[in-house]
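In what follows, structures are represented as structure tokens.
Consider the two complexes below, in which chain A is the common component and chain B and chain C are the respective partners.
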Partner chain A sequence: MSRIKHISIVIILAFLGLIMLLDLNKIPNQFEYANSIYHHITNNAVGETGSLNFVTAILYDYRAYDSMGESTIIFGAVSGIVLLLSRKTLPVSSHGLSFIVKRTYGMLTPFIFLFSVYIIAHGHLSPGGGFQGGVILGAISIIFSIVYGSEFDYKRYTPTTKTLLETSGALLFIGIGLIGIIYSGSFLSNLNILNSEPGSLLSAGSIPFINLGIGFKIGAGLAIIFYSMIQKTFKEEASL
Partner chain B sequence: MNNILIYLVIVPLATAFLIPFVDIFSNKARKILVGFSALLEFSIGIYIIISNYGEITEHTFFLKYYLGNWIPPIGITLSMDMLSLFFSTLISVSLLFIITYSIGFIGHHEGKYYVLLFLIWAAMHGIVLTGDIFNLDVFLELMLITSAPLVAFKRNRNGTEAAIKYMFFGAIGGLFIFIGVILVYFNLGTLNFADIAQSFSLLPLFSKKMIIIFFLIGIFIKLGIFPFHFWLSKAHSACPSSISALLSGVIVKVYIYVFIRLFFNVFGFDILRETGLDIIIIVIALTSSILGHVLALSENDIKRMLAYSTVANLGIIVAVLTLNTKLAILAGLLHVMAHLLMKVSLFTATGYLLQFTPSHKLQDLKGVAYKNIILFAGFTLTAAGMIGLPPMIGFASKWHILQAFLDRSFHWGSIIVILGTIIAFFYYIKYIIYGFKTISIGPPERFRLILSVFYRERVVTNIAILFAIAVVVVGVFFKLSYGPIEGAANAVMNPSIYIESILGG
Partner chain C sequence: MINHIVFIFIFLLGFYAILVKKSLIKMVIGLNIMEGAIFYWFIAITDRGGIIPIVQSTQVAFNLNDPIPQALILTGIVIGASTSAFLLTLIIELNKFTDSTNPDQLGGIIED
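This part shows the complex of A and B:
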């Protein structure tokens, strides 16, 4: 019975894939359309936004509202996971890894932090940005609880600190949007006051600051998710 | 340019961000924040209606907003026409009362619960206001992600299973919609609703069909229409009643809005008629309707019965909208409002009653009416409205649906509406009779056995009774709601107005 089921699933998927392929073949090249927004962005992005990175220009300027929604999805996921997994017990720490790993990681941590800040701050100049840098920021906290034991992580960065970082990142994003209303009458419009020539660090108006907000939001959010998930493991360990 | 539109999204969003922040410092400040923000968001909706009252009565109401000052095809546009206004008002009114109900029902100790509720509110307004197809997808995803943890709120086995199912099928539906969005961008090079609507008919037929089918499957999975109905009843019944009311009353209506906006304004109804898909949709939706009624009849659990009744009613709404006459769309929108009011009323009342019974089963509901006779009277009246008895709002909407089917001489539709009404009568009367049955132990002793865990009982009963009164009052004066609904139906029938209002200056 299950074999028939599997075979029929494969056949259906192959059939759907074939239809997809046929459709994709018939698609005209959209870049040939005169009114495609592709042309506008490739021709005018640097001049209009001051960002050398087109992807960042689209993410945080042309469609910054979408990015706000996307980072809010992660915020919502964090809230949901905390709601479902939060328990009042303090985590009982494991002792972490060996002395060598602890020392080595202790020396590396500042550089990892610097790297994440670099990726966040240079989002408008090179590949990267708030989402990517934020993940590295979150990874620091995760590696802390693996290498030094979660008690260390708990004492250094309490859940309150993480929540503060996360919400302040989110509020920074909305705050920049609201400043846009005051400055030029539209939510999330680019603040041209902060512009210098394209290519320098403080160019591209409000894009670096939105990156910063998203970076903190994502980093702290991922750390919270990891933290809520390991709590149960530690509770079990304590009962042993 | 009117800044008021963006505040409809920003206010609940900022509240959701502020709640954990405020929570660190003071528990009491959070309670004030929740109440204040709900009222603020509600009053923004009221302000929009009052300040544009003249235009709303003349059906020429249209607001638009360019985010970041980017002119339509490039940036994201927000817009509000009569249809968006109709849904936005329904969302604001019901969410305000559901949040008040939650304060009495769940209490204040769960900060994250309110974070998620406000995020859902923001996502719903984001969907209703947006004029951009990718932005629509983002907010659909946000609504799914934030409502799934609430389904599992009870943290028991049943709730977790339901939440996983809800999440899984919602994500698959979202994936179909996302592929549709990709195909639209690949084919047309634009994401703006009005821009798509302008050039969609120029595409080759095969591409058009492909896009339509992807969107249709995605929306049908999310709506729980017939082949995909199986996840809905479990998800809508496993959560606390406040969330059931939200899911079954409001969130599915937002998906109905997406259906209307995409297939009537953006892609245009002509493509459905050209390909003969409209008849297929009607047949599937009617099947879904009759199946929902039959499953509700066979169900022994009151919340699952109500959830299957949602499947049945959604089927009817989709079928009648797809008839695409002015009367049919008017009837469909009227039933959207009627079903929202009645479902929220039934779930809020059920949430109160189920606190005094050992389980959700029919046998355990014996004599539950004597616990609060006024509230159960409200439940009975609303159930009568669900069946379709005058003077409740359910009668008015069902009457219009019947007329719409007869008008297009689609007799199968009218037969299924009548058949559904008869079946609905049997499954609702069962619970009402059991509710009034006296039992040998006598109600007082029996009810003392179960600990009720209300935070504020008075708030819960008052909200439930308020919705029951609303069902009757709106039912008596339903002619007053003709004006705005007719305006909304006009907006649905004339996509050219939408296109011109956004693209033309």
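This part shows the complex of A and C:
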């Protein structure tokens, strides 16, 4: 019975794949238009935004409002997860890994933090940006929980600090948007007064500051998600 | 052509996992595989054979890849991570009540 079911599912999926292939072949291979937005961005993005990384220029300048909605989705996911997995008391946790791993990670932590801040701050000059650096920032909290035990993570990097970081990141983003209203009349418009020579660290108007806000927001949000999940797991293991 | 074939294979692999697997966590993994297939396909079909869209100086470089699909896919990756985390949280909560992640066993337990 199960074998017949599997074979019929595979046959149906093969037909589905054939239909998809016939449809997808109608897509043209080259998307070449004379006055497409691709030509506008590759010709004018450096002059208009000051950012050498065009992906960052699109994310935090041309469609920065959309990026704000994206970070709101992260905020919604974090809120839902914390609501579902909320727990008042700190459960008994593991005591982490061995002494060697703890000392090694103790030496490595500042460099991991430096690397994440580098990725965030150079988002407009090199590959990277707020989202990517923020994930590395969140990984610091995750390795804290694994290597030192979640009690250490709770004491050194408290949930209050994480909430504060996430909220301040979001407020920095929205605050830059409101300053844009005062400066040039539209929400999240680029603050051209902060521009300098393209290629220097503080060059692309408000883009580095938005990167900073997004980075702290994503890093703290991922740390909160992981902390909520690991908390529940340890509680169930302790009760068994 | 090869992009479409690879995309359809990976996409239907994830869809097969959602249809057949008996664990909710494996179904979430299948959903992530489908997302990965879409991200790969979207980047692959908009490839111009150029370099990454980052310039060295203010001089206009030509033959860059299109930065717009990359920005869109970055949005998609972040949203996919959020929905995966939320789905896994719902599975954790479900596991607390039913001690199972098998979707076939959920109905009988809810009737009790």
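Convention: the second predicted complex is superposed on the first by the 207 of 240 C-alpha atoms of A that agree within 3 Å, B and C clash if a C-alpha of one lies under 4 Å from a C-alpha of the other, contacts with A are read in each partner's own complex, and residues count from 1 in each chain.
Heads up, the rule we're going with is that contacts are C-beta pairs under 8 Å (C-beta built on N, C-alpha and C of every residue); 3 or more make two chains touch, one makes a residue touch a chain.
The model shown is predicted, which means the values in this text are computed figures rather than measured ones.
When the shared chain is aligned, chain C comes close enough to touch A:42, but chain B does not. Once the two complexes are laid over each other on the shared chain, residue contacts for A:186 go to chain B alone; chain C is not touched.
Once chain A of one complex is fitted onto chain A of the other, the partner contacts of A:63 extend to both chain B and chain C.
In the superposition on chain A, A:202 makes contact with neither chain B nor chain C. Of the two partner chains, chain B is the only one touched by A:177; chain C is not. When both complexes are overlaid on chain A, the residue A:13 reaches chain C alone and has no touch with chain B. In the superposition on chain A, contact is made by A:168 with chain B only, not with chain C. In the superposed pair of complexes, A:160 makes contact with chain B only, with no contact to chain C. When the two complexes are overlaid on their common chain A, residue A:127 makes contact with chain C while staying clear of chain B. Looking at chain A, you'll find residues 27, 30-31, 37-38, 41, 63, 66, 70, 73, 76-77, 80-81, 84 touch chain B in one structure and chain C in the other. Residues of chain B touching chain A in their complex: 1, 3, 6, 10, 13-14, 16-18, 20-21, 24, 65-70, 73-76, 110, 112-113, 115-116, 119, 122, 126, 134-135, 138-139, 141-142, 145-146, 148-150, 152-153, 155, 183, 185-191, 195, 199, 204, 206-207, 210.
Those residues of chain A that touch chain C in the complex are listed here as 6, 9-10, 13, 16-17, 20-21, 24-25, 27, 30-31, 37-38, 41-43, 46-47, 52-55, 57-59, 63, 66-67, 70, 73-74, 76-77, 80-81, 84-85, 126-127, 131, 198-199, 218, 225, 228-229, 232, 236.
Residues of chain C touching chain A in their complex: 1, 4-5, 7-9, 11-12, 15-16, 19-20, 45-46, 48, 52-58, 60-62, 64, 66-68, 70-71, 74-75, 78-79, 82-83, 85-86, 88-90, 92-93, 96. Within the complex formed with chain B, the chain A residues making contact are 19, 22-23, 26-28, 30-31, 33, 35-38, 40-41, 61-66, 68-70, 72-73, 75-77, 79-84, 86, 160, 163-164, 166-168, 170-171, 174, 177-178, 180-181, 184-190.
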